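Each structure below is given as structure tokens.
Next come two complexes built around chain A: one with chain B, the other with chain C.
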Partner chain A sequence: MQKIATIAALAIRSAIRSRVIAVVAVAIIAVIISLPFVIKGDGTPESRSTIFINYSFGLLMFVLSLTATWCGAGAIALEIGERQMQLLITKPLRSFQIWAGKLLGLMTVNLALLALGGALICAMIHWTLGPAEMNRAGQQDLRRKILTVYRAVPPLKASGLQSGRAAIGPGQTYRWHFDIARHTAGTPFALLKFRFIPSPFSHQSPVAGIWRAATEKQPDLLEQTLAASPNMTDYLNIPKIYPAGMLDIEHQNMQTNPAVTVFFPSENDLSLLIPESSFEANLLRGLIIGFTRLAFFTSLGMIAGTLFTFPVAVLASLGMLAMAFSGGFVRQLAEKGLLTDPSHEQVSIMAFILNDLVRVSFRFFAFLLSPLDRFDPLAFLPDRLFIPWSLAGQSFAVLCCLYPLVLLLIGAGCLRRREIGLPSQ
Partner chain B sequence: MSKLQNQELSTIEPVIIADGLTKVFRDFWHRPIVSAVKAVRFEVHAGEIFGLLGPNGSGKSTTLRMILGLLKPTAGVLRVFGKEPQDVHSKSKIGYLPEESCLYPFLTARETLTFYGSLFNLDSSILNERVKQLLEMTGLEHAATRRIGEFSKGMLRRIGLAQALINDPDLIILDEPTSGLDPVGCRQIKDLILTLAGRGKTVLISSHLLADVESVCKRVIIMNNGNIIVQGRLNELLENEAIYRFCVSSASAEQIQAIQSFLRLQTGTDPRTDHPRKTLEQFFLETVARAQPGTTTPSGVAYAEKVAPFLAGKSPKDEKTQCKK
Partner chain C sequence: MKKKYLFVFLAAAFFFWAAAQTRIGLTKSRERQNIALSDQSAGNPPLIVLTTVALGGFRGLVVDILWIRLISLQKEGKVFEIAQLADWITKLEPQFTAIWAFHAWNMAYNISILYANPEHRWLWVKNGIQLLRDNGLKYNPGEPVLYRELGWIYQHKVGQSWDDVHVYYKHKLAKEMDDLFRGPRPDYASLHSDTKKTQKMRAEYKLLPEIMQSIEQYYGQLDWRLPETHALYWAYRGLHSAAAGKDTSQCDHMICQSMAAEFMYGRLFINPDAGIYVPTPRLDLLPGTIKAYEDAIKRARVDYLRTAYVNFLSEAVFVLHAYGDDQNALKLFDKMLAVEPGLKTQMSPEKYLRKCDQLNITELPAAVAVAWIEGLLYQSHAVAPGVQAKNASGVRDKALLLWQQYTADRQNRKSSEILPDFEMLDQQALRRADALRVAH
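Take a look at the complex of A and B:
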């Protein structure tokens, strides 16, 4: 363990003295501090804060993922290229100790930079929520709204339709049922998040409708007429719900002239948001998941660095990073390949073979990167959705322990097999 | 090699055994491109100062790298301390000075020695003492806090040598140890090698500087084109048994003439008479030694006379040293 700690300390010292930490820290500070000045939104403090939450964490993760991959590739490949590894290999070290030490050191660097970014995001959000033009009560209200994260409760599956999906014609009414027995104790308010598309699709003006909410104990919990814009996510405030088993939400389509039917086509288009935690605690869980993702990217970079020279390793690992950031594209290629219609008669055999090769390759990548889709803080934080501790724990177990351990075994095996003293190196 | 000497060596356990050692470099498609080492066979015994000589491309660096576990033999047997070269326990008994600097440029001299020493699980007090002694021995005490990236070539060789000795190794492998060093540094290294050999350490030297090898090595192999072309004790290889040399001091011209006449009469050949010359190295060292006292502190290396006490086996503390793993 002492040898691993020695190698880890060397990796940290290398990151500090090669000024990697300083450069990345300055980049993080510059990006996060300049963000509210670059992206304005509609000028209200609420929109400023929302935009800041939406972009800052994504940018932070992008910068740190790039750094983690690049440093991971350099930690092994550069040392082989500059012959330091030649001397290190002659010392009484096992290859897994070198690998684990470097990984541990780089993860410490990631942790420090992530903590800096997280603290900065937190500070900046509090700063954007305290505008001089707002009174104290307004500020508190804004803080309560922005600095609260919610647990999304989907509606129960209705007969003949999947959960949440609905089509409501002019003058018609549709009712969703939510099981809130486990969530409502002590919640001061809730939000109904919804988004719909109109028919005809060309209708882009707000669509009028009445929203009603009721529980067994509160039959007249809410009745509100609202003109909501199509294709935009909107929120409806629901007053304090006393502990109850079921909440019924009803929507009556009042748009008769012109007649517009509203569709809730996806199961994610309507959900009840119940306050669950503070933004800061959620950000902490998001940072933990972010840290585990960085551990994965660092290991991936190190694997590339063990197999290839530094430029090739950087190219390969950045390619993987690009794929990780475009999960949908990878899944599409894994499912369909390059050909949109492979059954077409004019497609040559070579194109078929190439298509299958692409599909097989991308299935492998999709499999390799699948945990990244599952443990993605960006799927939660911008929408102010609650990140459970269990998800952070699972992410830690999978991305920070299991994957790096597997990659460590592969990397250490490759390092052991690789001839470090070749004349070309 | 005489029969007696062969018997002497055979009783000592070999530190390195190479038998049929072969290395073929292959290209990306695994096609052989060059046979760097061709079925060589040699042994290096404990306490020996062994020289590995040969022109560029003769295979000596490849052989060294195989001994260090940096390259894998294509064929043949290679054992270091009776084990595979990659064995961690064997590596804990080896010190290696590479031909080029392989050190981390962002570390200071002291940090470098502490880092490499930590890899041997040395007790911190022993490690600190050794770092101090080695910095003193290599004349880098005043540059201890300077980064390696700022060092001159000579300073790099010195700190490289210091890291190779931090674990008080049983086998010291030196690749071009005197390259880049001034004559004083060369002499120090040669003295150090002799001191280490005197303590039963095995030293394997690969060098182009034949005078350096000649002055310290007891046995050498000369490689060419991947093969060993000569192997044996240096004295036997260099000795010309057909010629004798007599050394006389304080003789007058008449006495010399009389001796020459006598030898001419006895052998029938014309004896050659001359005055022995100092080597240039010897002359340089004496000159520098005379100039050294009272000179200003140099910017690079301060000349140190003594071998680090722990390497000379003088430090009782170091006897307690044990590698935990």
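Take a look at the complex of A and C:
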């Protein structure tokens, strides 16, 4: 263990000496501090803070992922190129110790940079929430709105239907059931988040409807007539719910003239939001997930650095990084391939074969990168959705332990077998 | 070694010089062939110059990525980020006028309508206005298209009744202007000493007092709480700031439309707290409106402006007749015949005025209907009290009947064209009659 710690210390020293870390730290400070001054939003403080969280955390993760990949590739490939590795190899060290030590050192650097970025985001969000023109009560209300994080509770599945999915004709009523037994203790309020699509689709004006909420103990918890806009995510405030087993939410479509049917096409289009945590705690969990992602990218860079020379390693690992950041593109290629219409008669057999090859290879990439989609803090933080500790734990297990361990075994094996002392190198 | 460095330095200097020479030729060639605008980067802020130069050809790619994100967010109903994306897209292509026009229109029209809440809608209409006014025109000061687009948001989105919360927009704009000017228009004499107000007018609203004053000197005193006045202002600026060779006919058209609107409903009685917004005709703006049309016809030489002028004159004849000013109505009719001699064979002036009285009010636009009703009420008040009381009462009864017919029709149609309360119109007519008495 001491040997690994020594290698880690050397990796940290080398990273600091390379000045990459200093440049990245300055870039993080400059970008996060200057972002609130260039963000416009739609004119409301809520939109400004949401955009700030989205952009600042997104940029932080992008810059650190790039740095992690770059430093990972350099940690092995550059040391081989500069003949530092030859010195290390001659010491009584196993190749996995070298690999693990370097990974540990780089992860320490990542942790420091991530902590710096997280602290700055937290400080700036508090700073932006205190506009001079707003009174104290207004500021407090705004802080409560922005800095509260919600747990999303989906409706229970009805038989034969996906949860939340519903089509409600003019004058008709639909009811969703929510299991809130574990969530409502002590919550002062809840929000119903919903979004619907109208039929006819051309109808863009607000659609009138009545929303009702009831539990066994509170049969008249809420009854509110609301004109909601199609295609827009809207929120309905539900008053304090006393501890209960089930919450029923009912929607009656009142839009009869002109007649409009409302669709809630997926489970993401209707959920109950229950206040769960503070922004700071959620950011911390987001940073932990971010840290686990950096562990994966660092390992990826290191494996590329073990297999190739530095320029090739950087190119290969940045290619993987680009794929990781364009998850939608990878998924689309994995599902459909390159051909938009494979059933077309004029498509040649060669094109079919090529298309299948692309699909198979991208299915492999999509499978490999699927944890990155699942453990993405940006899917939670800007929308103020609660990140469970369990998710952070799973992310740690998969991205910080399992993937790096597999890559460590491959990398250490390759490093052991690589003929480092050749004159050409 | 030193010789080697000197050679490299000289070679670099030569290639820089050669690149600069090539660029001059290329820019001239682009201008000649109308492939792109001439070099307008001079005067742009450093951030814009840096991004446009540093990104080079990749600028288009970045714009594409941002635009794809914008479309996907708009589809998902997450529109709060769109103002930011539109800002970046337009700044990456600052001289591409269609992009400015599209994003301003998208925010003012497509996104605003998504909200049920009028306050949010107004925010997005203002976002559209701000994009063009604060940035688009800064980078493209010689583009009449952008002035026209900005004027269109005021004239159509705020001024017309297509949006079901148009009255809210009108109140908000009127309140902003009222807070700024402490009345319908600025007191130009005191503006020189009020640097704070002048600064706000110039910096925030981009309302340049010297241009406002010259517009009022030329067309007549205007009410700056009306959206049509702002449309007129921006069209006027577009007309006078257009770069050489740019087509300004649309600005001319907008000036005419705005002045016609000022004539038809430029006299505003407003009380935002009570939700009162009563626009009635400004008969004194008739000469200014005629001037606007005649100037535009001379400048633009397009047929549709002549047709629009004839239409306006026919409406103006009707309005003057409604207010009992048949003498001037007949003069105006003669003017109309002078512009369009073909009409002579179709109708005599007397027959035209008789026909005006027989029109079906439900077929008229709200502004003309208001003019007719208020005109009749004005006639009833303008008569000296006690002299022809019987006739005055008859005219008033007719006004009430017309108001009831129109209101019932629009209620049946569930139209957003709603007439002001009859009592409000009556008060306005009384004020007009009182003003006439004072003047005499």
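A few points about this structure:
Here, the second predicted complex is superposed on the first by the 418 of 425 C-alpha atoms of A that agree within 3 Å, B and C clash if a C-alpha of one lies under 4 Å from a C-alpha of the other, contacts with A are read in each partner's own complex, and residues count from 1 in each chain.
Please note the rule applied: a residue touches a chain if its C-beta (ideal position, glycine included) is under 8 Å from a C-beta of that chain, and two chains touch if they have at least 3 such contacts.
Treat the numbers as computed from the prediction; the structure is a model and nothing was measured.
Overlaying the two complexes via chain A leaves chain B and chain C side by side, clear of any clash. Contact with chain C, but none with chain B, is seen for A:Ser47 once the two complexes are overlaid on the shared chain. Look at A:Ser205: by the touch rule set out above, it reaches chain C but stays clear of chain B.
Of the two partner chains placed around the shared chain by superposition, neither chain B nor chain C is touched by A:Lys240. Contact with chain C, but none with chain B, is seen for A:Ala228 once the two complexes are overlaid on the shared chain.
In the overlay built on the shared chain, the residue A:Arg17 is in contact with chain B alone; chain C does not reach it. When the shared chain is aligned, no partner comes close enough to touch A:Lys157: not chain B, not chain C.
Smallest inter-chain Cα distance, chain B versus chain C, after superposition on the shared chain: 19 Å. Looking at chain A, you'll find no residue that touches chain B in one structure and chain C in the other.
Within the complex formed with chain B, the chain A residues making contact are 2-3, 6, 10, 13-14, 17-18, 82-84, 86-87, 89-94, 416, 419-423. Contacts from chain B toward chain A in the complex involve residues 25, 65, 68-72, 86, 88-89, 91-92, 94, 96, 98, 100, 102-104, 106-107, 111, 115-116, 118-121, 163, 323, 325.
Those residues of chain C whose C-beta lies close enough to touch chain A in the complex are 75-84, 87, 113-116, 123-124, 126-127, 164. Interface residues of chain A facing chain C in the complex, by the touch rule stated above, are 39-44, 46-47, 50-51, 54, 195, 204-206, 226-233.
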